[in-house]
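Two complexes follow with subunit A in common, the first pairing it with subunit B and the second with subunit C.
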Partner chain A sequence: MRTLSRIALVLACLLAGIVALGPILWAASTSFKSANRIFAVPPELLPRSPTLAHYANLIAEGVHWAFLNSFAYAAVAVLAALLFGATAGYALMRYPVAGRPAVLLVFLATMAVPGFAVLLPTQMLAAGIGLQNTWAILPILYAGHILPFTVWVTRSHFATVPRELEQAAEIDGYSRAEAVWRIVLPGAKPALLAAATFGFLHCWNDYVTGSTMVDAPELRTLQVALIFFQGFHGRDWGSLMAGVIIATIPPVVVFLLFRKFLIGGFADGSVKG
Partner chain B sequence: MTEARPNTAQSVRFRNVGKSYGSGWAVSGINISIAPGQFVTLLGPSGCGKSTTLNMIAGLETPTEGQIMIGERDVTAMKPADRDIAMVFQSYALYPHMTLYENIAFPLRARRRRTPEAEVDRKVRAAVKMLGLEALLDRFPRQISGGQRQRVALGRAMVRTPTVYLLDEPLSNLDQQLRVQMRSELKDIHQRLGATMLYVTHDQSEAMTLSDLVVVMSNGRIEQAGSPRELYDNPANLFVARFLGEPGMNILDGEAADGRLRGPGFDIALPALARTAGRRISVGIRPEDLHHDPSAAAAISGTVRTVEYLGSRSLVRVDLGDRLIAAFLPPSVDLPAGAPIGLSPADPDKARFFETDGGASLHAHRNLAG
Partner chain C sequence: MHTIRLATPRGLDVLARQARLVGSSLVAPALLLVIAINILPALYGFYLSLHKVFFFGNEGFVGLANYAALFRDPFAWQAIGRSLLFTFAALAVAVPLALLAAMGISRLGSWGSVLLTVLLVPWAMSPIVVALLWKWILVPSPGGLVGAAFTAFGLPPQDLLTNPLLAMPTLIVVAVWRNFAFATIILIGGLGQIPRDLAKAAAVDGLGAWESFRKITLPLLAPSLLIVISMLTISYFNEVQLIIGLTGAGRFGRPPPWPMRSTTPASSSWTRGAATPSRR
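What follows is the complex of A and B.
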């Protein structure tokens, strides 16, 4: 009986794995096939004569710049969100901010508003203040998107740091700021990394905001740039799949690096390390 | 101690210090004068303001009124970091992401101290040697026992030479056996360092055994400050009389007339000093100052309620009709519950007399507060 249920479990996992990984593996396989083999019948699971032509094409089309754009936008947004979010989270935890519950509720409420609902107003606002189609608009909006989440995660983590730890550091000869920097923040590393990872994935995966706010080819995000392989001269499946594979790499790397904190970051509140 | 330490111990003075949180005074009218090198305990029930008082010395709370001096410096509005004090918290407040070594070295590495690393190392090792923590330096706080954490917290305080040590119920999280052991270690450390130490506790045995000066507080005020012996033998008021001692002083409220104090179950001669004080007087007698008096002239007579046999003596609870009193009697006095019993003060001079209203002692006493 035990063996039977074990076998069933393995089969179920295998099926889930195929469903989840199949398209990605197929995309990876396709990205290395020459254009005339992509629709070969019977389909080639592994390309018989692998080629890097599609990847070369991506570079020729300047997609690597879009990759760097996406990365830069996400990095700046995450850093800004961490800086402001952790500061706000700390302040909302430690200082008697007037109307603190209301402030927290507003942060929470912003997370509940669907992005589409504010897309058009945001775009008009951005256009109105001359930020549309500039380098600055996407980092600002992305930071805004992930800021409430960062505030909540950091605040709930700071809530678990006993006030006495900071007081001890102050008595030990450190300023309040030093105490936060040397005692509170190192302890908050899992929470900060969890917030950063989620933030990064949000920014990296964004398509709608990126396609609405910037138009110029040199400002495009990777997700937007890849769409252009979908049209005009018919779909360039090989290059599109190569782009998909490239787009997948950073989230996978980030996840593998920080999964420990992603999983621990939220349980972290309950057990002090 | 392996190295000679400069004695940096300083005096601490409270001048009419009060702290209000808006809705009322947490503490008020605090006047204490602590000499350099003294071990002083703030003792009182929870919520009496002792921790608030300690936190004001630390700079974690700012007094609403009054002045706090450490040595010749007015520290009333000074930041904690500038006061040059060390504090041991009830929770120990060890930094969880640092090893024991880093925890103890932390105060020395503060930018304001600029201690060279070689000296940091020397001082940390001297402190851990004194506390017997040598083998644990690379561990993290979560990997050691409660008693060891307590030592690390002490080590972090001892590693530098502060003007004053503040200890906020540092032993209360330890089990009984360890607490007694750490208590004598603490006394030893105090003697070796010659440091000014302020200790907060609600445990009177800690206060009595450790202190040069005990400050008894209740409801945000100082009830009495003095040596443990002074407080025990000559309490300034009924609160201190009842609070100190296990069990506390027996208090009998009576009517004074014709040079005697009479009430339900007792009839005691009043000393001269109590004869002019009015009619409502309370007498206080320690349980160990009562002896079994089978004669008809016994000052106190009641019935035995319970007898707790303690080996060297028995704790006998005697019912006087309107109250229970306690007496430590030799185990040879073996009376069943319900038996009539007579008690008299072993030494009438040890009985203390108080005004029943207000509770002030009628005896001259030296109160170091105020």
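What follows is the complex of A and C.
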């Protein structure tokens, strides 16, 4: 009876794994099939004569520039959010701050603002100050989107670094800034990595903000470029799946590398508040 | 080095003021950015919602007329209804699934964390990319994955995304596939906080597995379940990218679920003023 339920559990896990990864593996397989085998009946699970033609096709269409754009936007936004978010998180933990409850409420409440709901007024404001359709608009908006979470996660983690540790460093002759840099930040590494990972996933995975704020092809994000690509080559499933794969690799790699911190960060942020 | 000051009341006052100045200026950049990017547009949207706005031209204050127009529009009500249906149906599938996964994973030990990682991979993907991927899986041809399944049962391949009856369940399946595992994280945390002795004591007292689940696990898990339900409700109600990607924004003559209305002002007859109330 015990072995039987054990076997059932293992089978259920295998099934769950197949359901989760199967679609992605199927897309990967399609992306390597030659054009005339993509619609083969019955479907071929593995490409019989693998080809990189679809990936070459994406490069010929300039999709790799959009890939780099997405990467640059995300990197700038994440670094800015870490810089401003961690300083704010630290100050909220260790310093008296004017209007502290209201400030905390702003960071908490804005985490719940759905991006698309403020999309049109944001677009109109951005157009009004001449930022729409520039390289700067997406990093700025993304940084604003991920800042509240960054503040929240770093703040609750700074609380776990004992104040006495900092004071000891100050007594040893470090300035307060040095003490923060050498003692507090290394201690808060899990929170910083959790915030960075979450931030990167948010920026990289965005579509609606990228598609409304930026028009010029050379400023497009990867997600927007793929939808445009689909518009022109709607039936070219091989190239589209190649696009799906290159759009999926960065967030999945980042997630796999930092999953420990991300999962811990979410558990902390949501349960301990 | 810090200079040591005498702790006179005036000295303390100065110190406190200095500390407050430093603290506030450390918070200021983040606070200003968040207000400018998340709050200002929301207020501007509210301001616009009280005005007649045609493309970018503001044609004057109209009070609540935009809201009245919105609530007179039968499409708006249908869209709200569809959003609620989508949200609650997806919740009804995702929460039990996440609970099942959490209980399985916490019983698996170290293999459990491997399974959790695998289940979370779709969650790390971009929703619009998930939509592209599933469009290919659902492609109505014997060469597609779902099409082949239909063919195997001797049926002609169906286009699930344009079928009026099946489009919604299909969207729900894809939405749940993408992010139910995220809820599992929190439920695993909640399960870990339930003392193991409790289940053992229940077993000694002769409680069956189902009763022990119903009388011990479920009540003690309630706080985590509440978090999960509220997070998923927000996430599903705000689902835009997946639905745009899969249905092409109301391609089949029926308007898309509610959140999407604000992203498709050009394709609807709505002016911008009327589109902004969807914030609420």
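Methods note: the second predicted complex is superposed on the first by the 259 of 273 C-alpha atoms of A that agree within 3 Å, B and C clash if a C-alpha of one lies under 4 Å from a C-alpha of the other, contacts with A are read in each partner's own complex, and residues count from 1 in each chain.
Assume contacts are C-beta pairs under 8 Å (C-beta built on N, C-alpha and C of every residue); 3 or more make two chains touch, one makes a residue touch a chain.
What you see is a predicted model, and the numbers here were worked out from it, not measured in a lab.
Contacts of A:G187 after superposition: subunit B is touched, whereas subunit C is not reached.
By the touch criterion stated above, A:A168 is placed in contact with subunit B alone, subunit C being left untouched. Of the two partner chains placed around the shared chain by superposition, subunit C is the only one that A:I227 touches, whereas subunit B remains out of contact.
In the overlay built on the shared chain, the residue A:P42 is in contact with subunit C alone; subunit B does not reach it. After overlaying the two complexes on the shared chain, residue contacts for A:A66 are found with neither subunit B nor subunit C. The partner of subunit A that touches more of its residues, comparing subunit B with subunit C, is C. Of the two partner chains, subunit C is the only one touched by A:H145; subunit B is not. Taken together, the two complexes place residues 170, 173 of subunit A in contact with subunit B and also with subunit C. Within the complex, the subunit C residues that touch subunit A are 1-2, 16, 19-20, 22-24, 26-27, 29-31, 33-42, 44-45, 48, 56, 101, 104, 107-108, 111, 115-122, 124-129, 132-134, 136-137, 139, 141-145, 148, 151, 177, 181-182, 185-186, 189-190, 224, 227, 231, 234, 238, 240-241, 244-245, 259, 262-263, 265, 272, 275-276, 278-279.
Here subunit B touches subunit A in the complex through residues 58-60, 79-81, 83, 85-87, 89, 91, 93, 95-97, 106-107, 110-113, 142, 156, going by the rule given at the top. Against subunit B, in their complex, subunit A makes its touches with residues 162, 164-165, 167-175, 178, 183, 186-187, 272-273. Every residue of subunit A that touches subunit C in the complex is listed here, in rising order: 9, 12-13, 16-17, 19-21, 23-24, 26-27, 30, 38-43, 84-85, 87-88, 90-92, 94-98, 103, 106-107, 110, 112-114, 116-122, 124-125, 127, 140-141, 143-145, 147-148, 151, 170, 173, 201, 204-208, 212, 223, 226-227, 230, 237, 240-241, 243-244, 247-248, 251-252, 254-256, 259, 263, 266-267, 270-271.
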